[in-house]
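As structure tokens, the structure follows; a few thoughts come after it.
Every chain is named by a letter (A, B, C and D) in the order it is written, and numbering of its residues begins at 1.
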Amino acid sequence: MTNAKIKKEHLKLIFDRLKTSHRIIGPRLEGNVIVLAEIADFRDIPAGYKEQQGRGTYRLFKNSSQIFSFSVGPDSFKRFMSPPVRENFTFKKSKKGISISQNSSQVREIATAFIGMRACDIAALRLLDKVFLEGPVKDAGYDSLRRNSLIVGINCLYPGDNCFCSSMDAGPEIKDGFDIAVTELDDSFLLEIGTVRGREILNGLPIDEVSDKDLSEKVSKIENCKKMIKKSIKVSELPWLIYRNPEHPRWADIAGRCLACGNCTQVCPTCFCNSSYDNLQLSGISKKLPELSGARIRTWDSCFSTNFARVHGGNFRPSRRARYRQWMSHKLAYWIDQFGSPGCVGCGRCITWCPVGIDITQELEALHAR
Amino acid sequence: MKRPRIGVFKFTSCDGCQLTILNMEDEILDILELFDIAYFREATDKPLRGQFDMSIVEGSISTNWQKEDIVDVRERSRHLITIGACATSGGLQALRNWASLSSYKKYVYPSPDMITALSTSTPISDHVYVDYELWGCPINKDALSETLLSFLIGKKPGIPRYSLCMECKRHGIPCILVSNEEPCLGPITKAGCGALCTSFGRPCYGCFGPKDDANIESLMRYFQNLGLTQKGCISLLDKMNSYAYRKVRIEGSK
Amino acid sequence: MHTGRCELKAASKIIKVDYLSRVEGEGGLVIEIKDGKIARLHVNIFEAPRFFESFLRGRPYSDVMDFTARICGICPVAYQMSSVHAIEKIFGIEVEKPIHELRRLLYCGEWIESHALHIYLLNGPDFFGIESAWASREYLPIAKKGLTFKRLGNKILDILGGRSVHPVSIRIGGFYKTPGKKVLAALLPELKRAYEESLKEIKWAAGLNFNDNSWNTEYVSLTHQDEYPMNHGSVASNKGLNMSMEKFIESVQEYQVEYSTALHSGIKRDSSVSPYIVGPVSRLNLNHDRLPSEIKNVIRESGISLPITNTQMGIIARSVELAYAFYEAIRIINGYDEPDKPFVDFEKGAGEAVWITEAPRGILIHRYELDDAGHVKSCTIIPPTSQNFGHMEADIYRFLQNNADKSEDFIKKESEKIIRSYDPCISCSVHVMKIEK
Amino acid sequence: MHDKSIPFEATIRWIKKETRDTATYALKINSRDIQRTYAFKPGQFNMLYIPGIGEAPISISSAPTDHEIMHTIRIAGDVTTYISKLNAGDVIGVRGPFGSNWPLEEIEDRDLMIIAGGVGIAPLRSVIRHILMSGRKKKSPSQSLIGKKFILYGAKTPKDMIFRDEFPRYMDTFQVFLTVDKADPEEYWRGEVGLITGLLNKVSFNPLNTVVFMCGPEVMMQSMTKELILRGVPGEKIFISMERNMNCGMGVCGHCMFGPKFVCKDGPIFRFTDIEGFLGIKEI
């Protein structure tokens, strides 16, 4: 595929073109935060906003002439591909037996265009693919949403303060997994085309040729961005640094701070843990039990939930110490065994959205101390 | 099938939680089909008689006679569940536990001696064995219906024990603690309300009581870093569930 | 179970209703009849006191709405309304029209919810001689109608306040968040249907069978030149009372009786304290000319003669107000535009203020004194039910004078009915406090 | 293949009560199509589903060649209690089969020691029956290829001993050693009393040539493994079946994680040396 270029004021045309055939999910302002949600109008994109992200803090202000100067908010693909609450199936149980039906709307094809997705998000999506598509059983719901999505990525030029994607080999540049990847140059947008679908979207739009100068401008901008990234994890130390330290005193120290609130796991684009349960309605029960009907629902869960590892007669991880250890060990060590790479893409969300500002990079570093 | 006999009892409270039963407009007729509401003062004239398969108890224990009555209710009940902050945690009125009763009485009543009340307001579980506790001020409708259903078909109710944050994030509500520095009790409070306050952009004020293994100290330290005074922290926790939050703080959490 | 906490010494005949049912909260009734005369009559309240006014002291102003809401689960909005207005008065806050209207809409939700509950589930069964709204097959359709109305009231509360019991959206200066126009407009079809239906229900209520219990008593409510009163106005009565909220609280005398944990109150006049009645009947009597003509017509057609002088006809007044609350809700939603900001900025400060709003059961009086930090220094809360207690007793007394020879069962049932027609909210009434002198 | 994320219906054909809290349920899959594609190996488990109540992972206690799918279930909580109240003819939901199986290829030319504690005998009965049946079929060589065969089984009391009536039949093929924690005064008990580790002294086996299949409480399995290794059984030849909380059964819910392993898809049956490092870690 080739590259293309589009004038700044024409980017909107891509949006409008997509809108004719897609539901569009993209960055939008909600309160004081940039979330991902359905957007109906190109102007909904919070152009020129920049956030200051710290450990447990997020502040938004407008200060840039660039459109995509902001980085990532709390949401990622996860919210849409493996939604927080999802119906697995509905059931009816009567004397005669049980009948189970899968909601057809769940598998219904909704063509969705995700715009403004970052390299770390796309990398995380590919990790979710491994979980939901490459295991022993394909997750049908995820699969259909995934196949009906179109991805317009944005190369990050201004990292967030908690980002460390470069050390996780996940960003800031989008290398694959996109239909169109956009780089905001000084006076235009560089469009890299990843798929035939991506090319089709641009057909007939006022696009220009790309010059070498444009390409080198992109390279230098991304290099510049990399330099601004403050945090890092030494991937070469993984997983042994964790495997060697299951009893490190630092875990207890973290447990003193950690609230086991689960925020880190909910915002993490790769944390996939969930729970299913039967949801009954009083109206679904007939007087002559055992006739009843309801739905089996799957919700996001978290290894921080106290009964997550409960079995009859006990809980495998009653302490917060063990639950935090489980989380970080999974992200940075177990994942490598399970799926061949760490389960972290360095987006920094868990650091920003932890109410008490626990920083995974710092905690990992602390395991070095003897 | 014989319908289980249900009793609804009230101790010291605002009636809001038992009103939740009447507020289940869509379900109340189903409930009446499935259960025999044999005692429910707020809604029927039926006299108190016999045993109950399940008693639903609202309100806290705050007088001597209630201490005896709750034992009577327990003796009549195969299962006893408590509903609401009053019954599970003493309620707002438990604030008297940390003050002087005589000055309270004096402030409210011209002739305080005529008033007999205990110096404490305590949860039902401090007095009798409770089979199941439904938290919230008030309780959530759906949780009540889940509890009734679970009782009917013989399973443990699936009521969340994790933090409100989880619910808040599921709803996609931007975190006001992180983005606005507003002291929100979400991280140490049980989910179950549907992330109501935060969906209105206001910090959680702890209606649903402390979540499992709430690390209150850590959050309070953090609030103090944000500039809240120690007194301010206490006043955040000293609301409808003051008794429960204080208990967690004293007993600590692992 | 323990019930009435107060026993009477030997008397010729004591009639006791141990435990009032289909009312909110815990109370009983004791009647002592000696030589065919009523020697004593007590509505005795044994609901345990909760000392709200005591623990409000020292709390920041921002806690007041959440705390006072917990006084009553049936009318939490009323508590939030009286307190938010009182505190806004102290801070000198003027809210904008959309906020004023939304608050009125919130109140409509509560009136609908509370009135529908009382008409159809609590008071209604009295007219059919049944123990509860689901005790008879014939009554069930009536109960269902009530549930439909009630659901709609709760829906308004859910949208505006997050939940119907102890809503979370009210704050000083406005709301935490205001709903979009569309969200509210979506309620309109249902509201319109309910409104039409509720007009017919006025006739139904007027056609119920009432004991004759007319008397010339004092009806007290807010009045306002522009509107049927909810959040604003001055206090008036049919006996010439007309004064500001501040003045009125001074003329109310609260007193304690030994058989009750709830304070009673009356209006001070010269050397005596006279009982008065608040609530739907009073509101309707004093404000019916502010009702829309459509409702006025239905009142006329139903043969309701105003003012209502029979206190047992509370259910009629409630039915009128139920229809009115639907009417108002529709009007407000039709004219609604979302405000730019959900609340106005303000500065907290010291001061004192009284505010009265019309709870479903009548005027709810709040008074607060705040210190410089905006913490409560002192407060007074006088709920409608405690204002009604004295009147309730007088009412039963009057009724029994002519009926003291009737059977015990009759006396019990009828007295309980009288009490219930007030829609007493006992949990509300038990934490009143004296007015500091 | 049938969709393993959606339960299919199966009818209970018969129920055999084993102990006061355990019974064996024989299931027949209702749909012909699923019957045709459904195939499991000894050691695998199903998720049994009671609509409205929930799911529970339960090992298959029958052999693949049995006519019915059998489950031997002890009452533990909601789902298992509900199942205990069902009758023949009732229908339940089933998803599966899931998980790893007992590695039958490992036991050729070797001695096999089956060690079970409590209801842990359930997944092992599958392999026991498999061996018994393959012996009957002349063509199948597997039984004769295995050397000595032992069953070591411990239960709380004689009354808690599952499949007690079946052991005499097993004895034709296996050397069976039984023990109970506590004898029951009301019942005649000839066997051993004491910890299952004690049974090892009774068994004459060649540790270097033995393959162990084990399932039971985690503490029991830990002390037993220690003992076996002490006696020279290579850790590589010990296979244990682990228990964890399970929700999806197919590695997408995260509940069953045990170190880097998903018990539902990498396990429940593990080679001891593959998980050794994590077994000793508290609250892993």
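As a working rule, contacts are C-beta pairs under 8 Å (C-beta built on N, C-alpha and C of every residue); 3 or more make two chains touch, one makes a residue touch a chain.
From a predicted model like this one, the values you see are computed outputs, not experimental measurements.
Undergrad: Kindly indicate the chain pair that has more C-beta pairs in contact than all others.
TA: B-C
Undergrad: Could you tell me the distance, in whole angstrom, between the mean C-alpha positions of chain C and chain D?
TA: Whole-Å distance between the two chain centres: 66.
Undergrad: Could you please state the distance in Å, as a whole number, between where the Cα atoms of chain A are centred and where those of chain D are centred?
TA: Each chain's C-alpha centroid was found; their separation is 39 Å.
Undergrad: What is the distance, in whole Å, between the centres of chain B and chain C, each centre taken as the mean of its C-alpha atoms?
TA: 25
Undergrad: For chain A and chain C, what's the span in angstrom between their mean Cα positions?
TA: The answer is 51 Å.
Undergrad: Multi-chain contacts only, two chains or more: what residues does chain D have there?
TA: If we look for residues of chain D contacting two or more partner chains, we find 52-54, 77.
Undergrad: When you check chain C against every other chain, which residues touch at least two of them?
TA: Chain C, residues with two or more chain partners: not present.
Undergrad: Could you list the positions in chain B whose residues touch two or more of the other chains?
TA: As it turns out, chain B has residues touching two or more other chains at 26, 153, 201.
Undergrad: Judged by the touch rule stated earlier, which pairs of chains are there in contact?
TA: Result for touching pairs of chains: A-B, A-D, B-C, B-D.
Undergrad: Can you tell me which positions in chain D touch chain A when the two form their complex?
TA: Residues 3-7, 9, 11, 30, 51-55, 76-77, 91-93, 98, 243-245, 247-248, 250-255, 257, 259-260, 262, 265, 277, 281-284 of chain D touch chain A in their complex.
Undergrad: Using the touch definition up top, name the residues of chain A that touch chain B in the complex.
TA: Chain A reaches chain B through residues 30-33, 35, 37, 56-60, 73-75, 79, 84-85, 255-263, 266-267, 277-278, 280-283, 285, 287-290, 292, 299-302, 304-307, 318-321, 352-353, 355-357.
Undergrad: Contact residues on chain B for chain D in the complex?
TA: On the chain B side, the touching residues are 153-156.
Undergrad: Under the definition above, what is the set of chain D residues touching chain B in their complex?
TA: 52-54, 77-78, 81-82
Undergrad: Report the residues of chain C in contact with chain B in the complex, numbered from low to high.
TA: 1-2, 5, 19-26, 47-55, 57, 59-60, 63, 66-67, 70-74, 76, 113, 117, 121-122, 125, 131-135, 144, 147-148, 150-151, 154, 162-166, 168-169, 171, 175-177, 254-256, 258, 261, 263, 425, 427, 431-434
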